[in-house]
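What follows is a set of structures for review.
Okay, so chain A shows up in both of these, paired with chain B first and chain C after.
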Partner chain A sequence: MGKQYQIIVDVYEKIFRGIPELVLILFIYFGVGLGLGFPPFKHAFTAATFALGLRSGAHQSQIFRGAIRGIGEEQMMAARSLGLSRLQAIFRVMVPQTFIIATPGLGSEYSLLVKDSSYAFIIGVPDIMFWTNRVIATPPLDPVFPYFAAAFLYILLTFPLATYLDMWGSRKKKQLGLQEGEG
Partner chain B sequence: MGEQKKEAVGTPGGRRIADIILECRNLWKIYGKIVAVKDVSLEVKEGDIKLIFGPSGSGKSTLARCLAMLTTPTKGDVFLMGECLTKPGVDLNKARAKIGFVFQHIWLFHHLSALGNIELGLRRVLKLPKNEAREQAIQALKEVKMEEWANHFPAQLSGGQQQRVGIARALAMSPEIIILDEPTSALDPELTGEVIDTLRDLAKKGTTMLVISHEMPFAREVADEMIFLDEGMIVERGQPELFFTKPSSERARRFMARLIKLTRRE
Partner chain C sequence: MILTGFLKTVQLTFFGLIMGLILGILLAIGDLYGGKIISTIIKFYVEFFRGSPIIIQLFIFYFSVPIMLNIRLGSTIVGFIVFALNSAAYQKGYIKGAMESVYKDQMTAALSLGLSKVQAIMYVVLPQAMRIMIPGWSNEFSSLGKSTAAILIIGERDLTAIGRTIAFRTFRFLETYAFIALIYFIFISIVLKILDIIYEKIKIPTIEISA
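Then we have the complex of A and B:
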């Protein structure tokens, strides 16, 4: 066990970190959905969600892997020495620390995901960008304000949570005795 | 000595009776081509304090981890209270809960307070209710004189304080034996004293211990037997006085001479 999964995860990470989000969305919707006729991906929303998830998953997997490596085998062994089962050790000792160490990475990944979702309008998903373009196009309008409004909405979606995560992360990290930027 | 708990324990094997707590027979641990532990047999009786020492890389830590079944031995058997832990199908989690382990680099859970570190095993392994676990955890902290620091996180404690919490964490589970893997060697010299004092207290209470340490004055004072390990093998064993006066093996003699010289220089 272990080794095969490692290879699968490795390949997954490498592939989906290497494909631009736009290409992935178009490929899954037009290629897999409409071209190959895979029913779920004929829906633009499903196809976009899937494309975003695949790419984000690859990044998150890498973020968590780094975090787990940062905690190390030691915490696991200490937990097992008390008689905790492997599963208990993972959920009581490893996971809580993993999330703390992963926060800066997770915060920026979350922002990236929200921003990448703006590509979905290209395949007709009615999101912020879709409506922005609609507003501009129907009675031709000066595009400055609509785009400004869109930008503001994206900031509204990313900024509070990313900032909160950052603050929570650095507070917790201080508790763990990790300096900012370490681990 | 050994007045703590005297539940005579059945011996499934039928060979050893009563008071041998932990035992290994012909234990080997091999990593690839490296033989870390080579045919080691030893037993720890109730109330015993055994001290293992030897040069770095001599397999002390590996031996300790094999005894606690934190590492699976390559060959040989480990027995806890007469129960063989090296045969398949043994509930190792249950066995590990009865063997306290204190690590050289302490390894407290960083995300939990001193109290939380101790409560984890009590709550999740021994399944004690919340208030009972709290009570026992505080009791354990009192035994290492750390009760005032209960709500501090490991990062807020000094190395010596952390190690005392580490000892309390092992102690709180009421283990049959505590194995301490060089509990003071990662600490600054001025912090080792408080940890040694804690160990001395435990010794006085009759706690069964297997200690890996090079704290020779401590060894001389409390150890029932000292075991000199080199290249994975037991080279010499006997009462402390033997080592301090006339070790019979050349290797032990040289090692003792070096240790004593080092201690004087400080």
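Then we have the complex of A and C:
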């Protein structure tokens, strides 16, 4: 793609990697939603989802770029020389391999996102943290067990899938003889 | 007001990063050279701190731990403890990866030159590992710097918390949060740039880290 497009992508990535998720959520919910009165972001859930999505997009673009670099130009040239068009080469040859190489990165991005989603409770989205605090605020006012239970729930959400993705990715890679991307 | 908040954020970040580095080195050494039992304990530790959100860790250390141990902990102390422990869990991974990539031949060479195992780790493996783990370290710096924002939930007056107070007082949500975000962005970018420059100066050309 062109130079200008690259600069836009670069700035986007840098900005969303340099701002805390929490500040981003507060900015979108209070700043854009309530301050500017942009209707969709007045809804806490939408605002939080949008903020997390923007941040995740910045991370994932890096993961995929690393993966695409890992595949290399040769595959593209080989596909083109076999008579595929550029689009066909991208969608039939590059993209499927990209996803396989990107699995470890995607797995860790997934668990990062699950954990970051806990910030949403600060603007009042009823997620695990919200209900944990609700449970703690009701008698018998036990502030120990619910937090550990919630932590366990989060680990349960992240660990198995991230591990599975990792294993699946390395198995596939071995099958296809791909090397590691620089994600 | 913003300045004090900013200093608090900087303080939390760097304290967490440095304590995390020390703990992370210990964890990595324990994992590499300790027995199976130590390895398993470390694995659980890392899984807990990497698998659960920072908010829960803050709540646990602010509300649960004091009750279990019958002690009192201020919000700043809790912040220091949680960010150090959390960062240690992440840094352990980077350090271990870096140590593994200098580990095998160098360790054999060092041992054959008559160094003890501890000496070999201290003088041969670790210094090189430190040099090649800087990219991992800058990742950890930016993610830790951003997670310190979460400390506002236990009432600490960091940059984000102060921003929130100002926003609610002036009702200028958009400008305030944008400004706070800009401060974080500049702070993190500058430190990342510095780490980058240091890395370019001291990196070991032949060893690439695969983590």
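Some points to look at:
Heads up, the rule we're going with is that the second predicted complex is superposed on the first by the 174 of 183 C-alpha atoms of A that agree within 3 Å, B and C clash if a C-alpha of one lies under 4 Å from a C-alpha of the other, contacts with A are read in each partner's own complex, and residues count from 1 in each chain.
Quick note on the criterion: a residue touches a chain if its C-beta (ideal position, glycine included) is under 8 Å from a C-beta of that chain, and two chains touch if they have at least 3 such contacts.
On a predicted model such as this, the values are computed, not experimentally measured, just so you know.
In the superposed model, A:85 makes contact with chain B only, not with chain C. Within the superposed three-chain model, A:77 lies in touch with chain B and out of touch with chain C [touch as defined at top]. Touch criterion not met for A:120: it reaches neither chain B nor chain C.
In the overlay built on the shared chain, the residue A:34 is in contact with chain C alone; chain B does not reach it. Contacts of A:17 after superposition: chain C is touched, whereas chain B is not reached. Of the two partner chains, neither chain B nor chain C is touched by A:68. Legend: residue contacts after superposition of the two complexes on their common chain; A:93 is shown touching chain B, with no touch to chain C. In the superposition on chain A, contact of A:143 is made with chain C only, not with chain B.
Residue by residue along chain A, chain B and chain C are tallied for touches, and C comes out ahead. After overlaying the two complexes on the shared chain, residue contacts for A:175 are found with chain B alone; chain C is out of touch. Overlap of the chain B and chain C interfaces on chain A: none, as no residue is touched by both. For chain C in complex with chain A, the residues that touch the partner chain are 47-48, 50-57, 59-60, 63-64, 67-68, 142, 145-150, 152-153, 160, 163-164, 167, 171-178, 180-181, 184-185, 188-189, 210. Within the complex formed with chain A, the residues of chain B that make contact are 68, 70, 93-101, 103, 105, 107-111, 120-121, 124-125, 153-155, 169-170, 173.
Of all residues in chain A, only 14-15, 17-24, 26-27, 30-32, 34-36, 111, 114-119, 121-122, 129, 132, 136, 143-144, 147-148, 150-152, 154-155, 158-159, 180 touch chain C in the complex they form. The part of chain A that touches chain B in the complex is made up of residues 74-75, 77-85, 88, 92-93, 96-97, 100, 172, 174-178.
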